[in-house]
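Right after this note come the structures.
Below, subunit A partners subunit B and then partners subunit C, in two separate complexes.
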Partner chain A sequence: MSGPQLWMLQRGSAMLLALGVVVHLVTIMVAVRGGLSAAEILARTRGNAAWLAFYAAFALAAGLHGAIGLRAIAAEWLGWRGRGFDLAWMAVAVLTAALGIRAAYGLYSA
Partner chain B sequence: MSEKTLEVSVWRGDATGGAFARYRVPTQANQSVLDVVTHIQREIEPDLAYRFSCRVGMCGSCAMEVNGRARWTCRTHVSRVAADGVLELRPLANLPVIRDLATDMAPFFEKWARARGSFQPKDSLTGEVPHDFAVVPPNSQKRQAADAGIECIGCGVCYASCDIVAWNPDYLGPAALNRAWTLANDVRDGANKARLAAVAGDAGCHACHSTQSCTERCPKQIDPSGSIAGLKRSLFWGALGR
Partner chain C sequence: MRLDPRGRSHPAYIAFLVHRLSGLLLALFLPLHFWALGQAITGEAALEGFIRWTDTAVLKFAETCLVVLLAAHLAGGLRVLALEFLGWRSSQKTLVAASAGFSLAVGALFLLNSGP
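== the complex of A and B ==
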């Protein structure tokens, strides 16, 4: 993947996360302060495609954004550069996103 | 002349290493840091190596680290940077040291070449003289964008102040990228596609974190950080096919 593409992906995912993190935090606060039980949370997320879509996009953006950022930090601070490291960071991105999406799907299909 | 003196520490050594030497230099009115270095070489230590030429802020050869900050020494008054009468002088950071205060500027200018920092006339690809003068309206947006960065004197202050250069020796650096941006806005130039490709990626403009030390310290008040943002914008629209 080229420099401009990585940069666009990083900026694009940042925009998505700016919105997503706010929604995520507000959701947590509402759930905790409202005293929702696990069963009540599941009742809201089960079969709800909107929550699934939101958290799938959120997890994908977080996985990509985190891995691209860590790639830059590792290159600058540790000198980890090159194709091997790039493939490893891609694996980190995919794994992070996949774990998040699996969790979102778990809430959807529970 | 007053009796007061400056306490001056000068880094002395070469590529293999070195240490600070201390000198006492008489304080004078309207004294530049370059005056101080010249006094040391002429009156105290004839083998002190440093570099200067014009002494009036045009040539860009006398930059050094003054009390921890890269500056053009000919235009830096001692009274502005050493109120307590203490000066510490080092060679520019991020460049190989030749000896004492003289650094090897070759890597700096090699990166200008790598960033395609030379003008490639669109109208005479084989180098022949064009038939007519190119007319570039001074008020046009592109000309003004080029004007904003064109006064660079190549002193290396921005390059020595850049964290990214320190972290990634391949990074082209603020001066080379600023030069590329001025040419990207030159409507007479025909090599912009290759230039934008040369300045993209991990060694190019996308490595910049926009921390703006270059802009903060440029003695010519150029904004290399803004130029780098311009390159990112151009590459963004280019990647979208516009």
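== the complex of A and C ==
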């Protein structure tokens, strides 16, 4: 993937994440009020397809955004550039997103 | 070519550094966060056990730092998007100050809401 395409993907995922992070921060504030509990979290997410879709999209966007950001930092600060590094960052993106979607599915099915 | 060191004390440079470092820390934390959650969510009892395990002052402090980092990265990212897509260049110092204020306010709100 070329530099301009990665830039677009980074900004596109940022726009999606801006909405997602606001929802996430508000949910955190609501969840910790009166003490965090598994019952309260799962009451909201268990069997709820809308939360599953939200968290899966959030995890995918975060995985991509984080890996593209790490790629840029590693290239600028450590000089890590080239096809091998690009493939490694792609693996980081896919693995992070997969772990996030697994966690989201756990909240849905627990 | 040497860069003018005076630029490093400019609010926009400090905002760039905060955005980059918060992004770096969040990107490193994210896989760990997802992995731990994936491990914990095998049932209500397992998740409750994980939540109770995090009930320590040190982890509460770490959680607050993460919430502040997330809010800082959100506010800083919105500033970058406004700069790049809307061309809002004239009010950068105000946007930087607003981003910092927003991040600290979110951290304070988290602390005020936390606990029984």
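Here is the rule we use: the second predicted complex is superposed on the first by the 107 of 110 C-alpha atoms of A that agree within 3 Å, B and C clash if a C-alpha of one lies under 4 Å from a C-alpha of the other, contacts with A are read in each partner's own complex, and residues count from 1 in each chain.
Following the convention adopted for this analysis, a contact is a pair of C-beta atoms (placed from the backbone, for glycine too) under 8 Å apart; a residue touches a chain by one contact, two chains touch by 3 or more.
Just so we're clear, the structure is a prediction, and the values are computed from it rather than from any experiment.
In the superposed pair of complexes, A:26 makes contact with neither subunit B nor subunit C.
Of the two partners subunit B and subunit C, more subunit A residues are in touch with C. Looking at the shared chain after the overlay, A:75 reaches subunit B, while subunit C stays out of its contact range. Once the two complexes are laid over each other on the shared chain, residue contacts for A:18 go to subunit C alone; subunit B is not touched. Look at A:102: by the touch rule set out above, it reaches subunit C but stays clear of subunit B. Once the two complexes are laid over each other on the shared chain, residue contacts for A:6 go to subunit B alone; subunit C is not touched.
The intersection of subunit A residues touching subunit B with those touching subunit C, taken from the two complexes, is empty.
Those residues of subunit A lying in contact with subunit B across their complex are 2-8, 72, 75-77, 81.
The touching residues of subunit A, counted against subunit C in their complex, run 11, 14-15, 17-18, 21-22, 24-25, 28-29, 32-39, 41-42, 59, 62-63, 66-67, 69-70, 73, 92, 95-96, 99-100, 102-103, 106-107, 110.
Interface of subunit C with subunit A (complex): residues 20, 23-24, 26-27, 30-31, 34-35, 37-38, 40-45, 47-48, 50-51, 67, 70-71, 73-74, 77-78, 80-81, 84-85, 106, 109-110, 113-116. Chain contact summary for the complex, subunit B toward subunit A: residues 164, 167-168, 200-202, 204, 206-207, 232, 235-236, 238-239.
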